[in-house]
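A, B, C and D are the chain letters, set down in written order, and residue numbers restart from 1 in every chain.
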Amino acid sequence: MTTLALRRTPLRRLGDLARADVLAAVGLVVLVLIVLAALLAPWIAPYPDDGGAATHPAEALLPPGGDHWFGTDQVGRDVLSRVLFGARTSLFIAAAVLVVAAVAGVALGVVAGYAGGWARDVIMRITDVFLAFPALLLSLALAVVLQPSVTTVVVAIAVTWWPWYARLTASVAASVGRRGYIDAARCLGVPAPLIIVRHVLPNSLTPVLVQLSLDGGGVILTAAALSYLGLGAHEPTAEWGLMVEQGQTLFTTDWWVVTFPGLAILVTAFAFNVLGEGLRASLDPHRRPR
Amino acid sequence: MTLVKVRDLVVRAGGRVISSVPVLDVEPGRCVAIVGESGSGKTTALMATLGLLDTAEVTGEIGVCGVDVATASPRRLREMRGARAALVMQSPRAALTPTMRLGTLMRRALARHGVTGREAARRAEDAVAAVLLDPALLARYPHEVSGGQAQRFAIALAIALGAEVILADEPTSALDVTVQAEVVGVLRRLRDERGLALLLVSHDLALVSSVADHVLVMRDGAVVESGPAAEVFARPRDPYTRELIAAVPELPEATP
Amino acid sequence: MMRWHKGLAAVVAAGSLALTAACGGGQVRGAQGGGTPQAGSASGAADATFVYVPNLDVVTDWDPATSYSNEIIAMENIYESLTRYDPQAKKATPRLATSWKSSSDGKTWTFTLRPGARFHTGKPVDAAAVKASIERTKKEAGGPAYIWDSVESIKAGDPATVEFTLKYPAPLDLIASSDYGAYVYDTTAAGDLKAWFGEGRDAGSGPYTIDGWQKGKETELTLKAFDGYWGGWSGPHYKRVEFRVTPEITTAWQLLQRGEAGFVQRLNPQLFAQASSQGAQTSQTASFQNLLALFNTESGPLKDVRLRRAVQKAIDYDGLVAALKGSGVKASGLVPEGLLGHVPGREPVQDLAGAESLLKEAGYGPGGKSLTLTMTYAQGDGDQQLLATLLGSALDKLNVRLEAKPLQWNTQWDQGKSADPSRRQDIFVMYWYPDYADAYSWFFNVFRSSEQPAFNLSYLKDDQVDREIDALPALTATDRAAAEKAYAGLQARIIDEHAAVAVLFTQNYQRAYAKSVQGYADNPAYPNVVFVYDLKPGA
Amino acid sequence: MARYLARRLGQAALVVAGVIALTFVVTRLVPGDPAVAYAGPKASPAELAAARARFGLDDSVPAQLLAYVRDLLSGDWGTSLHTRRPVALDLATAFPASLELVGAALLAAVVIGVPVGGLAARHRGRGPDLGVRVCSVLAVSVPVFWLALAVQTVFASNLGWFPVAGEYDNALDATSPLHVYTNITVVDAAITGNWPMLTSTLSHLVLPALVVAAYPAGLIAQMTRAALIEEAGHDHARMARALGFGETAVLTRFALRPALNPVLSLIALVFAYSVVNGFLVEAVFNWPGLGRYAADSIRSLDTPAIAGVTLLVALLYVLANLVVDLFQGVIDPRARAR
């Protein structure tokens, strides 16, 4: 069979990926642009104050045009500026959720997979329970009972997302733990934390990274849905889901208020998803099409 | 007529040569074996012969039962595969579709080559008998039969379809020793009784020495030695061949 | 094995079918427990049907004694009260009572009943029935029962005369026009009346009666004409009323556009503008509901009256109303137009310079100490969110940071009522509306002092104010001119002197209805109600 | 098999217990006093106390959990704050309509997703594959609430091809009254031969079902493509090629059935997900299902109702997974051997 030697650095892999998979490359470029837009929002937004507390009721609901490329919203804020600032909120939420979920999930997963036995059973049964809720549902229930804020969104989504990482890491850790050299190391008295750091974690890295990029889109969509239901970010924070919610009754009259933030969600989720798909196809040996 | 005729076959992947075979001929009733370690490019050569490598770049001249594999239309290739040149794979049960009963697979394969109805039933019966398989097994799924049974069924498929040459990729390496003997017995008998030609890929020198007429030794994608089996085993010229032979205890010690 | 699996599949499928079938059982959809749904009712598909599009479930409580929610839009067409409030005349007008009079001290009220009125059960609407229903409403002690608190006793003399004796003077004609809790109904309709109502039956005397009720369905409720209605059915009238629940206003507007809806309860200003330009009829009426920002007069930075005045002046009232684009109008004082006690010409304006100098005086403002104020408002309310956005933006320029928190009502209220003053907010935003057309509600509930705060979330304690509030009911019942003056004085004291509140805007009802509907007039005393009998179906 | 079944059921029971406990915890996280939410803003202290007693809010937490489980088992899922009816009754009313919508959506998703995924796998790396990948990723990336608004505006309002909202034309209740057996309108209309009702319901179903179908269709297309490509790389697919079958035949006749296995598990997963996605869609289309109920509950912050919906969907999910696990044996004979 046509197996290739796979001794490539991650960066080279990314380069290969870009060449092999145009779509994933597009996703990567778009994502980089969105991150840049988020970081540079205060400088590139045409009306930086509109991303925050400023309002101009007299200029409410101007259609897209020279002064306001994306038009203005109900209180006269520049929609383009708010979409740019919204990227900050959405990406912050995505990053925070993924970091919290991955750290908690990987830690528990390593324990479960490496220790095995009852620890594994208990942790896996707990993940079963959490995974029995569709992500949006549990986040939603949590967000309803907590006070709406960006922090609530992060907590509510992270709570539903960590089990994926726990399961992923547990299975990697379990398979690594069964390998001969790990047994040997254990017999030689190498302490468990060292084995975990040296062998288990590096092996978990690739699948976790793939999962992270795949989940980015899901988190963005879930966060937007929560804000859309009024359970997430609130005024004057610029957040895409919230902007759609506030503009949704204007869909037939002032389409721009809801269309641009909706497109922003779509494009970002799309970029995350194609990048994740591409990474999975190229990095995950189990799913590599042969 | 030469059933398999290969000249200057080179298979590349990612710009690197992974398999090259300068000359290979398989005549009716003869058995040619390609030996070498795993990764030596022997399976690649076999798949290239049937035109089943789609991801890699293949150059050279390949003729199978008179069909030029490199230039033939997909349709002619499909007509050739199975009906004239059949494949037997390494892990016998994985080579059978898990959701399909053996009999269904047989029937579909025959129908694919235009054999249906009573004729199909007759051929299936005959082929199953030829490989000494219990006809009741046809009602089973692949996971419900043993490896040896699955492998014999794969051979039965070739017979039923009327193949003239069987390309076998490590046909025994996944089997128990006793079952190996059964399968080898069936192959040898088919060659002797029906004049079936055999292109065998294997790292099992004992098997090769017992059935092959001609041997190619491959290493790192290249043929290092080629010649009549008896000669190669008796007087290996290449050091690598000698190493290979020396590693097999049951074979007679090779004389340089 | 295979067989086992298929068997299992069959069992699962059959089980789930049986489960759902157990709830169904082959009845005709929409049929009520006791009644015959289609056959026998005078109405057919040919009769004019009025389709009302509410944005929430219609009925949560069918009991006229305790009903205190959205079902008012149906109840007011099924049941009747003794009087009906007329916002133009600012007084009660006849309904089941044709006339009434009060004693000079305002403590005895005599109502004369309409002859010939009958309940849907067939019984006549007489004095005993009126007495029985109000007494039951009081006894059930539901949400709206308090409106009758002033009533000491009810006497049913002759069948056409009811006499109320009150504990203290109160405007009983207004109370009897209340949107909730004032219905007259047949208390003898069934033994366990509550359960009987709960199955979707009614015992009213109004023009319509329940035809079908399917909770949770799109068309939740259907009413049909009551043949024996005292007003009669000669002339053009809608014979059927359907309530089609539509949460999204965009959807509601599309239904109206396509002729599938007759009346849309609520639209946003943009759709409202589109509706009036695209052939639908529209009506815009100021409601009796206004949005209040209550300032914490007892603790925190706003204890300083200068800071309260500064915030009052910092609010961009015009900007808010502009952003509301017609769904709200600037309020003039606490009492909305159409109620006794309304004072015109009190509309507030933003005065940033004034706010700045007041802040400076107190040591804050630009260049001074920075000030942080907490504000709580209702989660999910777009208009309140708008206020938070605009006020935050205005205060920002004055070096005042506004921490605005959207909260669920119970959380917001709990914090407001907290015994620990440090947990309380500086600004509490809430809507207020009266249950019957009397401005007393604002003053008694929101600004009269009490030991435990309930709704007086400005925590105002002023004996003088309390005394003046307590005098209001008697004045309203006996001397309307004096009452008017008292209301004006109180508002000056509370808004200007104490600066305890900013009245942000009065909500506007923006209705859109089909071109064929004739004779619609919004009555803000009965929020969202369409008195369908008064309409004429047109072409 | 019996042991496998027992183990699987035991696992499911454990998950259900956990789900109930978690739901309980979530409902207890509510800040403020739930009694206030029930009794309403203008309630008297006496009414508040009655509400507290009614909900057992004065008991200890373990006692409350015990009472919660007991009530759930006896069918008492609490009382909704905004409808004032038993949550279980509300759920029973709303669920058939959701089942109808999500069922139609999943059917559409399979009917669209599997062939499209197959098309992509067949033309891997070429134009159609790229097109399918772009479309399927778009389908899983689009915010459904936004899609619902857009689709309704364009296809119902502007083009007028489909009804704007609702489950069926209400006038039919008078002219072609429906006899209900399952409470699922499409099914009842079909089994009683009520054609006007059936066609009306189907035309009302198209838009919301397609919106809900977007996500699962995209996912199924991706999964089918990946599974087919993987399956087509397996030895048995090579064998099929070596037997003279063309690529299309290899995919449809050999690779498809084993590849459907992961797709089927996906459907179980996506079933519950779609019910939740319905939360955002049903409100737009006035579909009288769980989603609209949930959306109303969220708007009115109706904790018991939300807890009920959450619990029901989680239970459905566990059940769907169980059913799929058992059905997998039908599709893949290997699974039967476990």
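One rule holds in what follows: a residue touches a chain if its C-beta (ideal position, glycine included) is under 8 Å from a C-beta of that chain, and two chains touch if they have at least 3 such contacts.
For reference, the UniProt names are A, D = ABC transporter permease; B = ABC transporter ATP-binding protein.
What you are looking at is a predicted structure, and each value in this text was computed from that prediction instead of being measured.
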Smallest count of steps, each to a touching chain, taking chain B to chain C: 2
Chain whose average C-alpha position is farthest from chain C's own: B
By mean Cα position, the chain sitting nearest the middle: D
Computed distance of Cα centres, chain C from chain A, in Å: 44
Euclidean distance of C-alpha centroids - chain B vs chain D, Å: 50
Distance from the mean Cα position of chain B to that of chain A, given in whole angstrom: 49
Between chain A and chain D, centroid-to-centroid distance (C-alpha), Å: 23
Interface hub residues of chain A, defined as touching at least two other chains: 147, 230, 248, 251-252
Chain B: positions in contact with at least two other chains: none
Residues of chain D engaged with two or more neighbouring chains: 31, 149, 153, 157, 295, 299, 301
Residues of chain D that touch chain A when the two form their complex: 11, 14-15, 18-19, 21-23, 26-27, 29-31, 124, 130, 133-134, 137-138, 140-146, 149-150, 153, 157, 222, 226, 229-230, 233, 272-273, 275-277, 279-280, 295, 298-299, 301, 303, 306-307, 309-310, 313-314, 317-318
Complex contact set, residues of chain A against chain C: 53-55, 57-58, 60-61, 74-76, 147-148, 230, 234-236, 246, 248-254
Of chain B, residues touching chain D in the complex: 47, 50, 52, 74, 78-83, 86-87, 89-91, 94-100, 108-109, 112-113, 141-144, 154, 157, 161, 167
Complex contact set, residues of chain D against chain C: 1, 31-34, 36-37, 40-43, 82-85, 90, 92-94, 96, 149, 152-153, 156-157, 160, 164-167, 170-171, 173-175, 177-184, 188, 283-288, 292-293, 295-296, 299, 301, 323, 326-327, 329-330, 336
Residues of chain D defined as touching chain B within the complex: 234-246, 249, 253-254, 257-258, 331-334, 337
